[in-house]
Amino acid sequence: MQTRNVIRYLNRIDRRVLYTLLIIAITIPFFFTIQIRVPISRQTEQLYKVVEALPQNSFVLFGADWSASTRGENRAQSKALLIHLMRKKIHFIILCFDPQAKTLMQEMVTGMQKEYGYTDGVDWANFGYRTDQVNFLKGFGPDIPTTLSMDINGKRVQDLPVMRGIHTAHDITMLINVSGSTTTETYIDYLQGSYNLKMVAAVTSVMIPEMINRLDSGQLVGMMPGLQGAIEYEQKLGYIGKASAASVSASVAHLLIIALILLGNIYTLIEKRMSSSVRGRN
Amino acid sequence: MTEFSPWLAEHLKVMSIWLGTFCTLGLFSILYRENKLYRFFEHLFLGISMGYLMGNVWTDTLRPKWWIPLWDKGEWWQAGVLIFGLFYYLIFFKKVSWIARLSIGFILGASSGLAFQGFVNDYWPQIPTSFKPLWPHQAIYDKTGLLVSKALSVPDAINNLIFMTILVCVMSYFFFSIEQNNRVLKRSAQAGRWMMMFTFGAIFGSTMMARIALLIDRLDFLVNDFGSHIGGQGVMFTLLLFLCGAVIFLAQRTDKE
Amino acid sequence: MFSNLFHPLHGSSWYIAILGCFALAGILIAILQSLPHALRRPLIRIVTFLGGLYYAVEYFWPTHSMPIPGSPKHMGNFLTPFISPAANMLSVIAGWTIGLGTINLCQIHGKRLLHAKEGKLNSLVFFIAMIAMFTLAVLKQAHPNLINKNLYMLLFEGLYQALDSTMFALVAFFLVSASYRAFRVRTGEATLLMVIAMVVMLGQIALGQQLTIHLPDHGFWHNFRVEIIRDWILTKASSASVRAIAFGIGIGNLAVALRVWLGLERGAFFDS
């Protein structure tokens, strides 16, 4: 009888109770500063090595294609990569095919530039949001200055010291794409493939299965896989950022989901057995 | 105005955090049930995102690439680009709406023309790397000492065999050109179906992290950022628990009614 | 002659040229409108074909060395120099299309407001939010003073960021509910899916990885570490399936593109 009551309760459990459990699972770890060292995945290790090996006079195209809808993962990834680039004093430009990324990246780099001695326009530049990625990249490859024309501050490409000597895609040392959508594929299709560019990507967890194939085929030379990749990269850099802080919360939330899946299946199994035994008696 | 500007600059962060909290909780209200507050914030979101997109299309694309060349540099032919773009809007006028299809068709055609390059650059590098070596061997060097082929261990060879078997099985599942009466093809397609379930499991597991990461970001904002403005993390956490409790209580009461 | 025609103009000649463009557009519309109905469909097909012709020919035409300033190794053919202007023009045209969606939304919400239908307050909120954000985004660049910048940031940070991220964060709640209620192992396939999902989940979290952290860093038992199993699942087993599915999608995409380009596609666009 007691088992039946438990089963009945589990069957009728309100969805808001599950939501509350999830909120508790995520927020409780905020009260503790636990740092768990994680093993570094092959993909993150490879990405770190590629960025580390960049020579000092390199020019990096930083494609930031994320928004608030994926910032849980992409923001930490972008910051980790920027820290690595800025520590190595590498010049970069930002290009966005998501309108929000323009402002988010501007805020992020402006907040960091003083610490690393970077100057807007000299060591980096933000070229903002552009429509129609495919056509834009077709024009961008053979003629970067004309296609970019001016940065988000309204300065012409010709007046930006960071753009000196940059004419075509052949002048780009590496392409980094932090993305929460299909822009990584479009970069591969219309820029990386045509100019044989060295390209790395930081992608959301949903995109990992797809992007692993690009890594295997050599289209990508490094990849940061989701939030876990960001945690690993922060660990490699030796700093505690948003990703590391979210590590335990993500763990507890995952464990809760696993427990709920198991619980849901166990009570269904018991319920089925009970109903079949009742049918057997009848 | 002169007083408002420094005041706004001083209070910008606090105001953003309070506004952000109202918006977050307003949208979270859907977790209780469909309600007017949620609809309000949903429309606010729609308006803000539309305005933001329009503004940025103008400031980052149309202004530098069209307006400045046309107005400042005197490139009068840019008016033709505007006219071509305006042809799209003929769709709103029934009598001449078919002319919009010329613009749409041209852009569709251009996208189709670009598809060849996209296909080649995207898939061709993946085809040769799908044929993986299956026989374990030592590293192979040419006469000059350059590495031709990396060493392949027995486990790697087994992994390669698994990879290629799965690839062929899944591809055979989508082989619809002939009826799958052949026993080998049938079995292979069946195995392909199982392998896809395997993959969907992996994708589901990965998806979970993406979604959880987003929620962590939002709760981090509520508890840590907003919490620090109302007396600390503990206060906000208690407030959240109280809200959850109230929602559960209300939900159960309405269920009983 | 052609290069002389495309020469920047200033002053009154600029205005005359612009008016001329619009007059030509008007004449073109009148000519198109006078075309018999039977000719319209073939014309759309021809324009679609011409739209794709440039990029297709440019891609397939053999290339040769074509040095350009700053890039002596540049390769191309006789069509390559036009890529940049064509791409710029097309991305500007893509920018113009934003108005189509905006008009559509304004029509829906405008009707609701004018006829005082249910939800009119929400429609009003939509209009106010859209106009405010658009105005500030433009003003911030045109007059980048402190007040414009801060008001823009207030709307961006306070409203847009919070609303956008929360909207997508809601999915996590529904996933949890679905995991408990719908993730049932009724068949063998479903069981496989569940087991793999759980292993991947365990392998991608710090606490999950701690379960097998004591296994050695090398050797046979190393393979039983949960993150190694996850890596194997993602890089060896599931990547093969994803690749097979992607090949299918890629060929499908190419076939559709070819059908559209050659006007073989049937349906609302080409038929009616």
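Letters A, B and C name the chains as they come in the text, with residue numbers starting at 1 for each one.
As a working rule, contacts are C-beta pairs under 8 Å (C-beta built on N, C-alpha and C of every residue); 3 or more make two chains touch, one makes a residue touch a chain.
The structure presented is a predicted model; accordingly, all values stated were derived computationally and were not measured.
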Intersection of contact partners for subunit B and subunit C: A
Chain-chain pair with the highest tally of contacting C-beta pairs: B-C
Chain separated most widely from subunit C, comparing mean CA positions: A
Whole-Å separation of chain centres (CA-atom averages), subunit B against subunit C: 9
Gap in Å, rounded to a whole number, between the CA centres of subunit C and subunit A: 18
Between subunit A and subunit B, centroid-to-centroid distance (C-alpha), Å: 11
Where subunit B touches two or more other chains, by residue: 31, 52-53, 56-57, 59, 61, 65, 110-111, 114, 117-118, 122, 126, 199, 202-203, 206-209, 212, 214-215, 217
Per-residue multi-chain contacts in subunit C, two or more chains: 55, 88, 90-91, 94-95, 98, 141, 156, 160-165, 167-169, 172-173, 175, 194, 197-198, 201, 204-205, 234, 238-239, 242-243, 246
For subunit A, residues contacting two or more additional chains: 19, 22, 69-72, 100, 130-131, 135, 138, 152, 205, 208-209, 213, 216, 226, 228, 250, 253-254, 257
Subunit C residues touching subunit A - in the complex, by the definition given at the top: 55, 68-71, 73-74, 76, 80, 83-88, 90-91, 94-95, 98, 141, 156, 160-165, 167-169, 172-173, 175-177, 179-181, 183-185, 194, 197-198, 201-202, 204-210, 213, 225, 227, 231, 234-235, 238-239, 242-243, 246
Footprint of subunit B on subunit A - complex, ascending: 14, 16-17, 19-20, 22-24, 26-27, 30-31, 69-73, 75, 99-100, 102, 128-131, 134-135, 138, 149-150, 152, 185-186, 188-190, 192-194, 204-206, 208-209, 213-214, 216-219, 226-228, 242, 245-246, 249-250, 253-254, 257
Residue ranges of subunit B touching subunit A (in the complex, touch as defined): 31-32, 52-53, 56-57, 59-61, 64-65, 68, 110-111, 114, 117-118, 120-122, 125-126, 129, 199, 202-203, 206-210, 212-217, 219-220, 223-224, 233-234, 237, 240-241, 244-245, 247-248, 251-252, 255
List of subunit A residues in touch with subunit C within their complex: 13, 15, 18-19, 21-22, 36, 38-39, 41-42, 67-72, 100, 103, 130-132, 135-143, 146-147, 152, 154, 165-168, 170-171, 205, 208-210, 212-213, 216, 226, 228, 231, 247-248, 250-258, 260-261, 263-265, 268
Residue numbers on subunit B that touch subunit C, as the complex places them: 1, 4-6, 8-9, 12, 15-21, 23-24, 27-28, 30-31, 39-59, 61-63, 65-66, 73-86, 88-92, 95-96, 98-99, 101-119, 122-123, 126, 130, 159, 162-168, 170-171, 174, 192-209, 211-212, 214-215, 217-218, 221
